[in-house]
Structure formats: C-alpha cells, structure tokens
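Chain naming follows the written order as A, B and C, and within any one chain the residues start at number 1.
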Amino acid sequence: MEILNLITSDLLYDLARGPLVWISFLILILGTIYRTVKLFSFTRKKKNAWPVSLPKKKAPDGDTDKSAPLIPKWKFTVFGAHPVMISVSTVFHVILFIAPIFLLAHNIMLDEAVGFSLCSFPEKVTDYMTIVFLVCGLFFLLRRIFIARVRAISSVYDYIIWCITVAPFLTGFLSYYQVFDYKTMIILHMLSGELMLAAAPFTKIFHMVFFFFGRFVLVTQHTIGKGSRTW
Amino acid sequence: MNEQKIVEIDTVKIKKRLKQRKAKMKMSLSVCARCTLCADSCFLFNNNNKDPKYMPSYKFINSIGRIYKRRGKVDRAALEKIREIVWKDCVLCTRCYCPFGIDIPDMIAFARSICREQGVYPTFED
Amino acid sequence: MVKGQRKPIDEITGALEKYSNVLNIGCGGCVSVCLAGGQKEVNLLNAELESIYKQNNISKKIEGFTVERQCNMQYLDELDDIAGGYDCLMSMACGAGVQYLAEKFPGKPVFPAINTVAIGIDREIGIYEEKCRACGECVLGYTGGICPVTRCAKGLFNGPCGGTNKGKCEISNDISCAWQDIYERLKGQNRLDDILKIKEPMEWKNQTQRTIIQEPYMKRYT
C-alpha cells in the first residue's frame, strides 16, 4: 500500500516529469557520445594492405555474363532467411524511434517547456503505431520463450531489457486510454521511459549505435559499403 | 605425441590476456542482442538438426563470454567444457553472420588461444 | 591456407548437363575461409543453377550439404546416408577434397565447382595472394622469407636472371623481381652470405604423388 502511495504521490509525479526527464536525457546523450567516442578510440583506421589497384579483367569472349541469371540479392541476405523476423524487427525499431518523437502529447509538453516543438502525427496514427509496436514486442517475447534457439541464449537480463523497452509504450497506451488509475499509470509511464533512455547507452540497447558502426564503419566480411576502421 | 600436461590453471595469466583484448570482447558481448540471426550462417548448426548449441552466438557467449564473466577465474573443468565448444562445435570456418557486425570467429579464436595457453586443447586421440 | 575460386557458371552447367539429381557439397575448411566453397557459396551456386535451369525449362534437382572438411574421411562419412539419392556429386572443396570425395564414392561422377589456385594468405577480406607452391624443399630460410619458387617467374634459385629491370620482373612492370626483394631483405639483415652459396637445383618432387607421414606417427604405420 505504501508503495502505491509513494507512486501516486505528488512528489514522485513532480520528480518524474521534472528533473528526471532532463537527467535521463542527459545520461542518454552523454552516455551515447561517450560510448561512441570509445568505439572510435578502440578501433583504428584501416590501412589498405593491397595498395596495388587490381587489374581490371576483361570479360571473356563468350557471353558468360549474359547467361548469368539475376538472382534477387535479398534472397541471400538475412531478410531472405528470416523475412518475418526482419520485417517485425524493422517495424518495431522504426516505431520505437518515431512514435515517441512525433507524439502530439510529447510535443505539446516540449512546447510548454522550451517553446519549441517538432511536428506531430495525428493521435490516431501514433495510437495504431503503439498497438503495432506492442504486437511486435509480443512477437519478440513469444519468440524468446518458445523458440529453442532463442531460449538457449536468453537470460533474465534479456527479459529485463525487453520490459524496459516495452513498458513505456504499454504504460503510455494505458494512460492515454485511462485504463486503471491514470495518475499511477502516467507516473509509471514517465519513470519507465526515463529508465529506457538512461539504460540505452549502457546496456545491450547500445546496439542502436553499434549496428551502424559494426556494419558500415568496421571492415568485416559483412560490411555494407567499404568500411574504414578495424579493431 | 603431445602429452597434455595437467598444470594448474593460471588465472592471473588469463586475466592478463582478457585485459589485452578487453575492448573488442567486452563490446561484442555487451551489444549482442541474443537475436539468434547468426544461427543459419553456421553449417554445423544446419547439419546437426538446428541444435542451438551450434549457434555462433551460443558458442561465443558460452566460451569467451563465460571466461570474461568470471574475470578469468575459471577452473580446469570449466576450460575443458569450453574446449569442447570452441574446438568440437566450431571449425572456425570464419563465416558467421551477425546483423550488428560482431566478429564472432575472432571471439572463438580468442577463447581457443586462452585455452591453449592453459594447456587445454584437443589431443585428437579420443 | 588453400585458396580457390569458383569456376565459371558455364563450365559448371556443362559438367552437370547429363545429370538430373545433383548434390553440391561444400567444405568448412580452407575454401570456406577464402569465401569460395563454404555453406554460403553452396547456397548461392545452387540458387544460380536453379534459376538457370528454370529459365531454360530444364528439370533438375540440386541440393546442398556442407561438411566440416572434405580432406578427412571421418567427415565424408556424414555423406553416407545422403549421397545415395543423387546421380552425381559436385564438390566445392579444393582439389584434395574433390579427389577424396571421388575416392569415397567411386561409382558416382564427382565434379569440381571451384579451381584450386594456391596456398596463400589473406591480404584483405576477399583478396588472397599465393605464397607457396608446396615444392617440398623449403628454401625460405636462406632467401629472407621470400619464396623464389612462387615469386620468381622462372623459379630461380641463385639470383635473378638477365631480365631483372630496376627491381621489376621482365614479364611485367607490375611484378617486382623476387631476387631483388630477396637481396634487399637479406642486406637489411646483414645476411647476404646466405645467397652467395650456390644452391643446387631442386629435385622436383612434384612429378609423382607425395605422401607425408609425421614423425611421431611413423611407428604406427611402419
């Protein structure tokens, strides 16, 4: 009971909508910068071990190239192997970023706080986005629980990160529709959102940066483009 | 023939090794999202009825990941378990795919080199 | 490791022309490391073939399987239950793997899908350079770690030929003279005496098949 009282208290409410917001954003921004700088400091510019330009081979006289079929490239990407997972994952990550940023309520508050705001989606759109997001989240959860290969490398930590990511959306949705006690829900929404922001740079959520670094900057077998750095 | 000498596991030395390559290892272990998209890139995984223990991520989390988690304080039994993972379940064909670009083969090779240094390696006799 | 390169698709389709049930076998060893014949290349080649056959309305079944190493019978044994259902086998392994596979299934035609090119090193991801011709008489100790057999177009053992031209080989200005490089390196190490001694011509042993028995195992087999 006392915990409930604390959660619904004005003190926590003020804290969550005031200083904690700024603190969590500060942690997110500084933490991300810190760890990204670290990434660069851990790696170095790759020297080309092959300075000689490759001789351009002329195609043989035959028409080998003409007969070579066009196999759709995506078939051999991870999308070809797991189309559902990749689609769900893409949708999930896109909504994760754009829904909160272009949510009307967030922008109104931003406007009130700093007198500046971004454009917003209609509320219906963000509403549907949230539902889609939660369905995607559920997909990930079920996958983690029921698919043997995912279960084999899942730990409590993975479930905690799942909760941290999904909670702000769930509580936001519930508070918007005023399911359960609104004040409790909105406080939980703010707290969980702040937790997610603060956790991002220092947990596995940091893959948000590492993905771009690992696939576009580092030189590996699977680099997209040329890459420029190496460990 | 190479007689595998039973020597005391030198945890200080392991710790030193871990420190040498800490940055890459720590980052790789920390950003792995446990998404299992690496699984199908391993032919051993496909050949063995998609047994999760052949997943590249499983192998690197349970080898170098385990050593790092205990900060090098592993005993012989633990290293012998890791030996099975990094030599029996992986041939280091270096073809694992990770959507984030984690260099899994290098992590497995690192686990191998730590094991080797501690006198834990396959003898090809059994 | 051994380095290889995929054969042109026409050569492969030509080899498979008479067969309708093909098993394409990859290798998880060297050819996987050099991106020529691992699981991924097996899948890619199969897809390419399937699409060619589809275009030309040819009905053929092509399936793939990758073994750990085709140069070891223990791993080829995995194919026992699988290979029976196919009327020909295609191997994406090196020449050694192809031959061992053919030896294991003497009743089945076996076709190589890659050309084995060299024993080499990884210069970059996807760029490999020949370093060794497996001549069986290593002279690197006195040539400053530069192989005259691989690097010199003539495989000379006692200094450059008359065609050496300002450090370049007479066959191309893009190729540096191996013996010039050997000289420079040994000079830097103060070891020029090493190449002043006349080195007898090599008894080329790769005319007949060579076999190695590692010393510790000699007792087992003799």
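To be clear about the criterion, a residue touches a chain if its C-beta (ideal position, glycine included) is under 8 Å from a C-beta of that chain, and two chains touch if they have at least 3 such contacts.
These figures come from a predicted structure and were not determined experimentally.
Viewed as a network of touching protein chains, the structure reduces to a complete graph with every chain in contact with every other. Chain closest to the overall centre, judged by the mean of its C-alpha atoms against the mean of all protein C-alpha atoms: B. Between the Cα centres of subunit A and subunit C there is a gap of 44 Å. In whole angstrom, the spacing between the mean C-alpha positions of subunit B and subunit C is 29. Across the assembly, subunit C contributes residues 35, 40 that each touch 2 or more other chains.
In subunit B, the residues touching two or more other chains are 94-95. In subunit A, the residues that reach two or more other chains under the touch definition are 220-221. Residue ranges on subunit A touching subunit B, taken from their complex, read 38-39, 42, 78, 81-82, 85, 89, 144, 147-155, 158, 203-204, 206-207, 210-211, 213-215, 218, 220-223, 231. The touching residues of subunit B, when paired with subunit C in their complex, are 1, 41-44, 46-47, 91, 93-95.
Only residues 23-24, 27, 30-37, 39-40, 50, 52-53, 55, 57-58, 61, 94-95, 97-103, 106 of subunit B touch subunit A when the two sit together in their complex. The part of subunit C that touches subunit B in the complex is made up of residues 26, 28-29, 32-33, 35, 38-40, 65-69, 78, 216. Those residues of subunit A whose C-beta lies close enough to touch subunit C in the complex are 48-50, 52, 54-55, 60, 62, 64, 67-71, 75-76, 219-221.
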